[in-house]
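First subunit A sits with subunit B, and in the next complex the same chain sits with subunit C.
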Partner chain A sequence: MDAFLLQILNGLDKGAAYALIALGLTLIFGTLGVVNFAHGALFMIGAFCAVTLQRILSFSFTTIDETRTDFLGNPLKVQTPYVESWFGPELGAAIQDWSVPLAILMVIPVMFLFGWIMERGLIKHFYTRPHADQILVTFGLAIVIGELIKYFFGANPIQTPAPQMFLGTIDVGSWLGFDRGAVAYPMWRLVYFMFSLLIIAAVFAFLQFTTFGMVVRAGMADRETVGLLGIDIDKRFTFMFGLAAAVAGMAGVMYTPILSPHYNIGMDFLVLSFVVVVVGGMGSLPGAVLAGFLLGILQSFASMNEVKALIPGIDQIIIYLIAIIILLTRPRGLMGRKGVMEN
Partner chain B sequence: MSKSNFSRRGVLKTGAIAGAGLALPTYLSAASHSGFTNAPTGSTVTFGFNVPQTGPYAEEGLDELRAQELAVEHLNGIGDGGMLNTFSSKVLDGTGILGKKVNFVTGDTQTKSDVARASAQSMIQKDNCIMINGGSSSGVAVAVQGLCQEAGVIFMAGLTHSNDTTGKDKKANGFRHFFNAYMSGAALGPVLQKEYGTDRRAYHLTADYTWGWTQQESIQASTEALGWETAQNVLTPVGAGDFSSYIAPVLNSGADTLILNHYGGDMVNSLTQAVQFGLRDRQVNGKDFTIIVPLYSELMAAGAGSNIRGVFGSMNWNWQLQDEGTQAFVRSFGQKYGFPPSNAAHTCYVQTLLYADAVTRAGSFNPCAVVEALEDFEFDGMGNGPTTYRGADHQCFKDVLVMKGAENPTSQYDTLEIVEITPRAQVEYDPEHPMFAGGNLGTCNPGA
Partner chain C sequence: MLGLNKSDFKLFLIVCLLALAAPILLNPFPTDSALGQSFNAGYPALMQRFVIFGILVIGFNILFGLTGYLSFGHAAFLGVGSYAAVWMFKLLSYNVVPAILLSVVVAGVFSVVIGYVSLRRSGIYFSILTLAFAQMSYQLAYSVLTPITNGETGLQVYNNDPQILMRAGDPTVPHLFGWRMNDKTELSMGGWNFVFENGYYLAAIFMIISFYLAIRIFRSPFGMMLRAIKSNQTRMSYTGLNTKPYMLAAFVISGMYAGLAGGLLAAMDPLTGAERMFWTASGEIVVMAILGGVGTLIGPVLGAGLIKYLENIVSKINDSILHSWFAFMPDWLDNLLVGIIHPFIGKGWHLTLGLLFMAVVIFLPGGLVQGGQKIGALFNRKKKSDAADGATKPAE
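Up next, the complex of A and B:
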């Protein structure tokens, strides 16, 4: 039972990541009708915003310690971060320790701006082009971004730890009457799960309860009619592209302590998040969230040794198996609109 | 009066036949020099450095490339000579190889076997490379080694740790200086016994490809010989990223030891996530839970950060060794690039010099002559102590390092500390050992 609960937690955690990325992907498809294969790259840029802030906070000045030597036998160059010099060792170290949460403040404007420029500079030229063209150009963009990241940050994964206070585990099992330590779950993963729920709720609230959101939803349903009413729907959709980029970026930042960012991390998530969107229904925001959690949980259970003993290799194919079944039985996806991507 | 039977036509015929007969030995002798693939004809000879420049092992590949460039400089007499000054064989003098300057071309394996083969093939066919060196994956090494055997060039493997490279997939034209999974197990065993005793339950997470399988088999055999029990071996996909689904079951498996048969980014992620799940803070079966990473690299250790502290593993070589050869190489590499070399860099540097030395001693670039010169060659001064290239399987035998994640690192390079230099005798094995059985070295192929 405790193993079962652990896998549910794992599934919710994975699902939260999938849902958050798929949400942005669906926002873009639902508003602009664009199949954005660069969405994984937006997640990656978010992750590297955290790395960048970590490096900015580590900017140091050098002093020579004559009493120690480096690997070549020369006097050791000691690096002292400026933040420690300016704010004192303790506060400076604390600021560096909190680089990942602080990166959220940085990633929102950066990603929003990046999304805005991407939409105005590239994507808008492909609105009337076939989906194949959109896929090719956005996939190409994703490769270019990945190579740029590799050029500046190298190919190795970069450690971006969570703040010290979130490094341990929480004994979730003891709340539910299990033995002490039987269901201990990493604290940061729970933080990530709560954060994802918060962002998902905020996006839904924005679309549901604001006038701006109402216009966007109307535009998603019938773009031409909204345009005929004299509303500049293109501008609002550009805003939504920026918002989707910011959501992907935030997901990327918060995921860095779980998975050390590297230049290919966007591609790793891209395929999964597309499957999530297809299973949930192209253009359906609730569908993306539902499918994200559903596939996350199923993937976790498929990784259990008992399940793998019955069906070897199931952990590696479960998501694609579900996608095939859904596409065969309900081509529009779990909550997709009738007629969208059914042909 | 006698009449001569010689006619003008007869004399010409006889002369032509006699001339051809006299010239034949000279022709055959010439063929013995040029009758092999890419026999160098001009004033240069070209090496092919086939390393991952993109993909998951790109950092290691780039470090290999730095060392290979350095080796070529030293062979051509540029720089301080590095390990040429400490190498026990003294035939290399910094004037190239057999009077020819060394050139090189590079290729990107992307850590994919098919890409690596295509890259090596291009180097052999287009660039006339006489030797291929490099690689950071056993799958790639096995694939490229097979190609080199067919093409008739020498393959000096880079970082490849699977038993299969010099086991069931060994080839006469291929040579491995790097140690293997069996050696890791043999070296780690006694240290693990000393640290953790003989009563442990180990849970293995294993990368699902040739290297992962052979490492898991080797470490399981080694730990079970100590009396440890193997709770479970779970195969994980390469590049899984999030290993949480595989780590969560460890919590309730009754295991008190997690052995991560992962490498590169997978190892960085699985170790980090195992620490996040609090495994190292747990007590199971009355013992502190422990994690072991049988194969280490400096670049992985840097990626894993503080999570690696106190974790045991093994290495082929480390820049902190104090012998003359190591110090010479670290000095050359450090002065050129500003940081110490990795063990992937070291093995590629040494392999390049060993090939050049073998050609010089053989007096020929013919692969069969090189094979003969390398087989059972004993040398020293290359950072690993007295070393032998065993003729039976083309595996190098030398001391192995048992390492531990540094508890109190003093610099960014001080990520690992040397726990023990395991003597070569402890990691030696019979060529017919079951873990290496099933292959056939075959005979050398000179190619064209």
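Up next, the complex of A and C:
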């Protein structure tokens, strides 16, 4: 039973990342009708925002401390980060320590702007072209973004640790009455899960309870009529694209302590997220979230040794296998709307 | 002639000529000159890639160009074909005939299975299904199928392999009944040095045959049917036609082309690895097809050649070569230009590829062939308008 719980927990954080990316993909598909193969790249840009902030915060100046000497007998050079000299050593160190959560503040405007520019500058011209063209041009964009990241940050994964206080594990098992230490779960993963739930709830609340969201939903249902009512629906859809980009970016920032970002991370996540979208149902937001968590958890179950002994290699292919089964038996996905890209 | 109409036959002849004379045509600069070092493409390793990827993309084009089904997992068949060929080398002998035959057959069987499932959906679902199958094959090749694929090491022929048909004195490299693939005839003329390699010619002949078959398919009633499916599948179904067998046939033919390409790759160099099935490899096939011109006969060959050529040239250029080109400029301009170009060359080849690809999709959806037609039309119009000067102008 505790092993069972552990696998569910293990699946949650990966599932949360899938769910967030799939949510953004679905938002874009549902509003603009565009299949965005560059969405994984947006996730990656988010992750590298965290890396950038970490580097900015560690910019430092050198002072020479005459009172101490280094091992060669020269006066010791002391590197002091600017943040420490501005905010005092304790607060400065704390700011550096918290660089990943702080990057959220940076990633929202950056990604929103990026999404906005991407939609206005590129995607806009592809509304009337076939889906294949949309796939191809965003695929090209994803290659370009990945290579730019590689050029500026190198090809190796970059460590971006979580704040000190989240480094340990928590004993989820003891809360639920299992033995001590039976179900130990890294704290940051729990934070990630909570964070993603918060974002998902915020997106849904925004769509359900605001006038803006209501108009957007109306536009998703019937774009033309909303336009005829005198509402500039294009502008709102562009905003939604920015929002989807920001969601992907935030997912990326918070994921950096779990998986050190590198230039291919976007593509790795993209392929899986697309599978998630397809399983959840093209254009269905709850479907995307549900399928994200479902596939994350199933993947972690498949990587249990007992399961692997039963069906070797299942952990590598479970997601694709499920996608194939779903597509063949229920092509519109778990919660897809009838008639939306069903054939 | 050969069952082709006049213009097709002309095209076919041009392709034959280009393929057979490539070792000469692709060496326009003297071998040891600076230009020759950077821009000559007439050496066997690169030319083999031209024709083999040409075969692959010709096959891909039969599927995507004729039916409009975008397969994002075509590299899986290439990989499967390579594995099959290397296994033939391991089990029988280094003769390429059984290797290539088996690679085509195995890829064909795989594509029947994958196609049967994937073709039940169309549009983006088809793309994702094929992608999923290809990724599955890739993952499996790296994990559980290691006994067959030799995992990350890659499959290759070892000394203690059975090779039951191997007789004493047989060459220990891939050969066609004793005709070694890596034997070369060299021809030196002035500063030029032309290399004619057996392996290249084997691949080139296969490419020519593939190209011929592709023309026949394009012009056949079967090809017509595929195009009809592309333009309106629903209507085809309403006329009482079952489109599935046609689609599956196209998919399998296309898969067998990929298997042939995989087999040839292994015949040129008898080792293979799972990275040939990675989704970036599939993406590259799509890029080649789009760049050349989807749905045209010559487009795929052009696209494959151009991508492989650029890949080779661009990744070879470095800063010092650039500096030598811009040496005539003032230093600051030289440094500025090199600074700007630097990210795009050498290791930055994929960046160039991505930008090129985006530019083609945005501005030239029909690829290079469409670009050529546009330029041709521009000149034609000019000629016509010159001739028509003084006559009535079109009312516009």
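Keep in mind that, in the parts below, the second predicted complex is superposed on the first by the 327 of 343 C-alpha atoms of A that agree within 3 Å, B and C clash if a C-alpha of one lies under 4 Å from a C-alpha of the other, contacts with A are read in each partner's own complex, and residues count from 1 in each chain.
The criterion applied here is as follows: a residue touches a chain if its C-beta (ideal position, glycine included) is under 8 Å from a C-beta of that chain, and two chains touch if they have at least 3 such contacts.
Quantities reported herein were computed from a predicted structural model and do not represent experimental measurements.
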item: Which superposed partner A:L76 touches (first subunit B, second subunit C, both, neither); value: first
item: Partner chain(s) touched by A:Q316 [first = subunit B, second = subunit C, both, neither]; value: both
item: Subunit B versus subunit C as contact partner of A:V275, first or second or both or neither; value: second
item: Touched partner set for A:V35, first subunit B, second subunit C, both or neither; value: second
item: Subunit B versus subunit C as contact partner of A:G230, first or second or both or neither; value: neither
item: First (subunit B), second (subunit C), both or neither touched by A:G121; value: neither
item: Those residues of subunit A which subunit B touches in one complex and subunit C touches in the other; value: 316
item: Residue numbers on subunit B that touch subunit A, as the complex places them; value: 54-56, 58-59, 62, 232, 234, 237, 239, 241-242, 244-246, 248-249, 251-252, 265, 268-269, 272-273, 276-278, 281-282, 299, 302-307, 319, 330-331, 334-335, 339-340, 410-411, 413
item: Of subunit A, residues touching subunit B in the complex; value: 2-3, 6-7, 10, 13-14, 68, 70-72, 76, 150, 154-159, 161, 167-169, 181-186, 188-189, 257-260, 262, 264-265, 268, 299-300, 302-305, 308, 315-316
item: Subunit A to subunit C touching residues, read off their complex; value: 35, 122, 125, 129, 131-133, 135-137, 139-144, 146-148, 151, 267, 271, 274-275, 278, 282, 312-313, 316-317, 320-321, 323-324, 327-328, 331, 341, 343
item: Subunit C to subunit A touching residues, read off their complex; value: 68, 70, 117, 120-125, 127-129, 131-133, 135-136, 139-140, 142-145, 279-280, 283, 286-287, 290, 343, 348, 350-351, 353-355, 357-358, 361-362, 365
